[in-house]
Amino acid sequence: MPRLVIDDLEIEVPKGTKVIDAAERLGIMIPRFCYHEALGAVGACRMCAVKFIQGPFKGIQMSCMIDAQDGMIVSTTDQEAVDFRKRVIEWLMINHPHDCPVCDEGGQCLLQDETVSSGHARRRYPGKKRTYRNQYLGPFIAHEMNRCIHCYRCSRYYQEFSGYRDLGPLQIGNRLYFGRFKEGRLESPYSGNLVDICPTGVYTDIPARYKVRRWDLQRSPSVCIHCALGCNTIGNAHYRAVMRVEARMNPYVNGYFLCDEGRFGFSYTNGGADHAQRPWTSKIGGADVTVEAALAESSSKLSEIAAVYGPEAIVALGSARNSLETQSMLSRLCRRKGWLGPVWFTDTAVYRKVRSAVERLDSGIAVSMREIEFADFVIIAGADLLNEAPMAAIAVRQASRKNAQIVVIDPRPISLPFEFRHVPAVPGQIERCLGSLVKGSISKEELKGLDSAAKGFCKALPAKFGDKESGISIPELADQLMASRRPVIVCGTGIVSESTPALAADCAQLLRESGKKAGLFYILPGASSFSSALLSGPDAKGFAEILSEIEQGSIKALIAAESDPFRDFPDRERLDKALSQLDLLVAIDYLPTETVKRASVFLPSSTVFEMNSTFVNPEGRVQHAERVHAGGVPIWGAHPPRIVRNFIPGGDHQPAWEILWKISAETSVLESVLTLGELIAAEMPAFEATGKAQYPVNQARIIPEKSEGSFVKPKTRPEQGQKPKGFNLLLTDRIFASREPSVYADTLEGVFPEPALFMHSEDAAAAGLSDGDTVSVGLEPGSIEVKLSVSERMARGVLILPRQKGIEWQRMKDFSAWIALERIRKI
Amino acid sequence: MAQPLVLFKNRHPNRAATLDEYKQSGGYEALQKFVGGKVDPGEVIRLVDESGLRGRGGAGFPAGKKWEAVPKDAPFPRYLVANADEMEPGTFKDRILLHTDPHCIIEGMILAAYAFSATKGFFFVRPSYDSSAVIMERELEVARGAGFLGKNILGSGYSFDIVVHRSGGRYICGEATALLNAIMGKRPNPIKPPPYPTEKGLWDRPTVVNNVETLACVPHILRNGPQWFKDLAITPKGAGTKLFCVSGKVNSPGAEELPMGTPLREIIEKHFGGMIPGSEFKACLPGGASTRFLTRDHYDVPMDFEDLKAIGNRLGTAAIMIFDQKTCMVATAHNLMRFFARESCGWCTPCREGLPYMRELLWLIENGEGKEEYIDTLRSMCKQVWNSYCALAPGAAEPVISLLDFFEDEVREHIRLKGCPFHAKAGN
Amino acid sequence: MWWILGLVLLIMKLIIVISVLFGFAAYMVLVERKLLGRFQIRYGPNRVGPFGLLQPLADGIKLIIKEDFVPRTADRLVFLTAPAVVAAVPLVITAVIPFSDDLTIGGTRIPMVITDLNIGMLFVLALASLAVYGIALGGWASNSKYSLLGAIRGSAQLISYELSMGLSLVPVVMLAGSFSLVDIVNAQERLPFILVQPVSFVIFLISAMAESNRIPFDLPESENELIGGFHTEYSGMRFGLFFVGEYVSMIVLGALTAVFFLGGWRGPILPSLFWFLLKTMLIPLFFIWTRATLPRLRYDQLMHLGWKFLLPVALVNIVVTGGVMLFMGW
Amino acid sequence: MAKEKSVLRDLLDDVMGLADSYAVTLKHLFRKPITEQYPDFKRLLPARSRGRIILTRDPEGEERCVACYLCSAVCPTDCISIEGAERKDGRRYPLWFRINFARCIYCGMCEEACPTLAIQLTPDFEFSKYGVLDFLYEKEDLLVDHQGKNADYDYYRHAGVSVEGDKGEHINEKPPVDVKSNLP
Amino acid sequence: MLSEELKQKLRTMIADAESPREKAVDVMLEIQERHLWMSDEAMEEASDLLGMSPLELDELATFYDFIYRSPVGNYVIHVCDSAMCWLEGHQRVMDYISIRANVPIGGTSPDGLFTLLPVCCIGYCDRAPAMVINRRVYGKLTPEKIDRILDKLAGENEFHPPE
């Protein structure tokens, strides 16, 4: 622990801390451009020069390049250092254009701040300014190279940190240019971070272009709900519209960064560019009414139905984008009023997988994304990180940069921004592959040291997974796994079998008992699926059962709280028919979903930006999102009226839990437990440990010290004989285009990947199909027409169908389907 | 005193010495003795260390020390890089050496590699020396044929091979760490140690980068002993001979091998035919473009690392560029600054933005648009570019520093006259 | 019969005096604004009528038609009556002021005073100290911190200066040998008391200024710290009453000064009423002049002046006067 | 006795001081007023006097305002509201620009902050209306057809971002760097 | 656009190296031998061979002096303009070549034969002024010598038209 003195203040810092960071701990902000904690020091900008008065280094040195050492005496205010920094600013400013007024960075520009603080105000350089031509970099990022100060942050972030190779430095000397080989959209789905990382306005945010200045924004800490990871964000609102979303530093979750889906997929909350897409007003039977009327209508209808048919004729639906508050309220109401539900997942199988995953996490084994970065062996089983949880891919990349071996066991044609070994196993084989990999890594001595349960489990693991199937030597990987110290298993809950999450947990447990610091991370299907799994009992009814009860006529009313079965349920025709039999369909939502359109009573709810809400991420971390603004139809884009009103147009929305509470006519729900925090604590015992009195809870983890039930002997199923000439159709998520808030965000429309059905190239060849063909896939209720994309890097015998916009996949009987070869036809 | 010829003893006009010629002059004896005789590599390092051989590429770092810095337990493969990417204006000694005695370099490389058990050698050569690269490739094949190179050299069990790596041509590639990046196919930006290339160089393996001339000295040291090498120099602290490249206003510009410490006057007047008729010595750069001017006052200074250091200068590459009284020093400084500004890799601010700034000021002064305050700006900037990432910018500042030290009157004259008193346009 | 005539005369006198007083007060506002303008090298009001002569009329109309606003938290009754108290008190004082030599009509001497009270001066002093009730009540009833502060200041100020004012009049009584104002005027047949009692005059003048809350003693109002002080919350004609009250009391104080020190209506050649009015007007004019000249005192200075300077000087003056009278054998 | 003397002297000084000030005001009473009879006589105001605000145009007749929000940021009474927008050619302009003159205190900070010299205060100070909403001035009301002060200034000639044409065409700029150039 | 034969040659070249990237410059120089300069298509194909992204190759191509990313003539004349050559009159040489071969400084002659570019020190200071033409160096230039060289090159070209 070196001790050093900076500006007469003494500090002790951990070994390896840079002087610039040591100063920051003391509250001394040494100016910097190229240095960034996540990217490290490269000493390019020379802005962080300070004077070393005593110690191993003397004179002007870059504080970002030097590790703190004992006996250093450093002055940041020494005249020589100040003069030098001022000169650096002068050098940087000789070519910087005079365009702050038309630059979106103005007001939040590091260069602007440091130029002002250095006192450089007058241009002395007699020469002319260098100029550059800009490039088109896609719909998210605007490029203005004239402003560049060549700190290399963008290329270091883009190439080294995020692992994409289409943006970098060109030319030499003072003609240095940061751009692409040719104009075009940036390939990285993490490109938005360039905006944050650039110290000046070279890369600016196009959705927020020319709209607002930083000082006019209402900013609040928020949480991203586009996928389960719960990345921390800052919501920025102005004129009743969310203008942009920035990454908020959280060392355990997302670090400094954010994926493009989370960053640019916010426009659903504004109702799109014309603000018309979001349902702003309450409706009864499609006609606009006041909130009070809608509340009264739904409330009276519900009690009517309850009186006539009994409370069990009412069913409540929740979803994976409900806040924890809404979920707790739903669960409480269902219990007290005797309603059916709440049903969180449309697919019961997914629910069971999530539940078994959540049950198996404990604080010893659950790792955060930060801890994944320090893993030295990562097994990704049944998860397509880039499409399902983009920031997790970035975390794994950091591990990969530290030379960790990455193994992906998944049938999909996975692409990730780092090197990995891909075992294209079909879902049924993922367990075998994972099991044999883990089993192979347990040495004989280690096996002896295990207790009986673990030993039994280990023995029951499948011994072999043929190299033939994967083309990769599992024993070789197992040897590497054996040598690792901190392996992490990342397990998906999408396409895998129902027993896989538990098996992954057992494997991680086994690795831990064999003396490794093993970790486990689940990729869950939605922002709040963790808490919904905690809230629902083991005997919860599935949506399909509910649907048949509706068909039978025993259910008369349905309350859909931010839930849209039309998005998730595969058989649209059946759903259509069933829901039209209902007496009452109450929809509470902020998205213009199909359910909202068909609701007999609609009540607008608040988005995450418009209320205080809580979400639990897949490692059990409770995160609180604060309200950013009050909401309402944005003023943005049209001339504001001159009239004086005492209400906000579109300001009728309220948090879904509040609406539920009001329509339940159950005033005692809140009164009896007094506060929202106590409601949550009462519904979720796991919450108790975090201290219910301190609601809102932020950053506490609600997972037990030790989970129960482990080492269930895996079923050593016999190899399912390949059915002749047929395919297993798998539905998957795709970045930007398939998750719920994103598909309603028109900002993302420009980057939707082309709809495609994926198929192994050999399978395609056997079926006489080739890449780019439009094929028709015959299913029972109807057929799907889609473009075919073939790949060699995926499992054989499966068809991958993203549930994305542009594919009418809801013509299936169930969530998976077996397609005979002859039902795939080229058209 | 007779001129001791070590590196140039096989000098033939217009052709390079062949393997046989080299062998006749005692070539490959050291290789036979040390590699063939499986002498402990530590012995090689000790001898070279003792001889006082210092890097001939400009920095003057003791060669033996560099080899010693490779950790004994470092992983294999290890690499040796011969740096023939001389791009310093005024320097051409490596080209002359290559065209004179390529085997001397090859043997030097093998011995150096042997000293720290390198497994592969890179001969890094710049594009305008393509003829040298061709010669080198040809002679490497010859050496391989003779069993001096390749697997199991001379039956010693030690294997080493050399490949010629052609550069795309940039001054910064001559910097050791940038050179390594260039070989690896990355952008040739310098990297500030630690880690030192001797620990983590090419592909994170130990790598030693030596100048071609340094390597060429090694066989001779090992053959004749360190003391012999030391005695070659005139000055007590110097060691060996040095290839002096003299260009500019002398009668016979070129490269000659002279003992370390030969005085400047003797070099110019005796060995390079004196100043051309009608010219008087005004100033010279003693070691390439990134050194300070020597004026008439320094005419008798011995050309050695230490002696030049004593007067605040550097021997650099010992490329002496001689300017006569008709040369405008401001224009010269501008030309040099233009060179450096152009060749900056663009990594750090002082070099990327500071050098063009200084070039602009010098250009304005030369063209009669100068102002008095530019002199102060130049002075302070010369000091400030020292805080740059690598040594390019400090090197670039050297001529300007000495311009302002020794020729301030001339600069002020430019400003006063609003134009160049020499009427020589610098060109842009 | 006598008493009927007396009643008629009394009513006539009352009507004449009150209307003259109000007329003077209204025009005093104009005079003040005009004079202040001239003191500051500008014109003053000159837009309404010739030379701005109709300005008081315009002001009056404005005040009457303005919204009469009562703060929600105010004590309504007190709030409404307070201005009346302020306006009424100086009017009552005029009852004992002799404004001219007796008028003889048809052999009947009609005294040119509404009522010649033998304790006139005590009456005057008593009523003068009543005026502060208006201020205190108005300020308190407004339920506003500024008003309350103004009211407290007003009361404190009044107590401080009432004392020296009363003491400054003791020598006058001693010299006149009577409390009746008519007698006091008569006592100055030879010499106005200002010449006999200059110190008393100065103390009286300063105290009068302080009593009427005029600059430099306008701390209860001080616009720039209390935004009007006790009348912050008042508007319309109620404010107007405060306003008029201040000017009426200025005139009344002028009249009292004339009676006590300047020999009342006495004067050569010109009719006595004219002399009285002239002398009466001198004092308000001096007040206006002072307003144009002096800045407001600080509160501690105000207290200092009242208690540590005026009061001792007044006491010393009484002693000296008494001594001289004893010595001279008056 | 010296002390008492000084008390008397103080008193005398005070009285003399008072007398002096009374004399000054009295003297003023007899001076001719310097008042200008405003509605009858209107003085010509200097160009920099701060009255009603206008938005000027650049020499090419384009709106100078680029909706940089500096005026609204600096405004101490928050009387300016703007929404920026982008023209097809990339030029920034205010979609709408509203000044609430009922709030404006004519401090001129907006003019000082304006980097493009778009917002300017004019000597027009006679500015009263019957309705408070009439004080809401929109861009159409504010925008004038001239350059106001500094007629020659054209921000987009200095900006360094190109709106029309290529980079490097603004004042004091080099031609754009050609990334593929063969020149050293 | 690269011929299969050239690609094969480049593949073997790359296979020899420690890592493919090492040969980036050699590959580009080799392609320039045939195609004079690195067009975008050439860059894309070369980067494919090297296992780099086109941008990564472009990072190198634009860095180096002797890799041409803009079209050049059959002969690229690099006239040294650093200290010694400058002292000995590089400007005169430039001007002379420019007029003689009808080629603008920094550009290509209309017949596509010559491109005239300045270059930083080429290490022939003893033979200043000097120039490099297609990696061959000519020193101690005089008008007569330049005439001779240019005539010879122009003559050669008639018999060996470049691809």
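Chains here go by letter, A, B, C, D and E, matching the order in which they are written, and residues are numbered from 1 within each.
Note that a contact is a pair of C-beta atoms (placed from the backbone, for glycine too) under 8 Å apart; a residue touches a chain by one contact, two chains touch by 3 or more.
Just so it is clear, the model here is predicted, and its values are computed rather than measured.
Between the contact lists of chain A and chain C, the overlap consists of D. Number of steps on the shortest path from chain A to chain E, with steps defined by chain touch: 1. Identification of common neighbours of chain B and chain E yields A. Among the other chains, the CA centroid farthest from that of chain E is the one of C. Among the other chains, the CA centroid farthest from that of chain A is the one of C. Chain pair with the most C-beta contact pairs: B-E.
Chain D has its Cα centroid 48 Å from the Cα centroid of chain A.
In whole angstrom, the spacing between the mean C-alpha positions of chain D and chain E is 60. Remark: chain C and chain E have CA centroids separated by 108 Å (rounded to whole angstrom).
In chain B, 170, 187, 342-343, 345 are the positions where the chain touches two or more neighbouring chains simultaneously. Shown for chain A are the residues that touch two or more other chains, namely 169-172, 175, 177. Across the assembly, chain E contributes residues 52, 59, 62-63, 65, 119-120 that each touch 2 or more other chains. By the contact rule set out at the top, the touching chain pairs are A-B, A-D, A-E, B-E, C-D, D-E. Those residues of chain A that touch chain B in the shared complex are 43-47, 49, 60-62, 65, 83-84, 87-88, 91-92, 94-95, 124-127, 149-150, 152, 169, 171-176. By the touch criterion given at the top, residues 35, 37-43, 289-290, 292-294 of chain C touch chain D in their complex. Looking at the complex, you find that chain D touches chain A at residues 66-70, 72-73, 81, 83-86, 92, 95-96, 98, 115-116, 133, 136, 138, 155, 158-161, 166-168, 172-177, 179, 181.
Those residues of chain E whose C-beta lies close enough to touch chain D in the complex are 37, 62, 65, 68-70, 72, 76, 106, 115, 117-120.
Remark: chain E residues 40, 43, 52-56, 58-59, 62-63 touch chain A in the complex.
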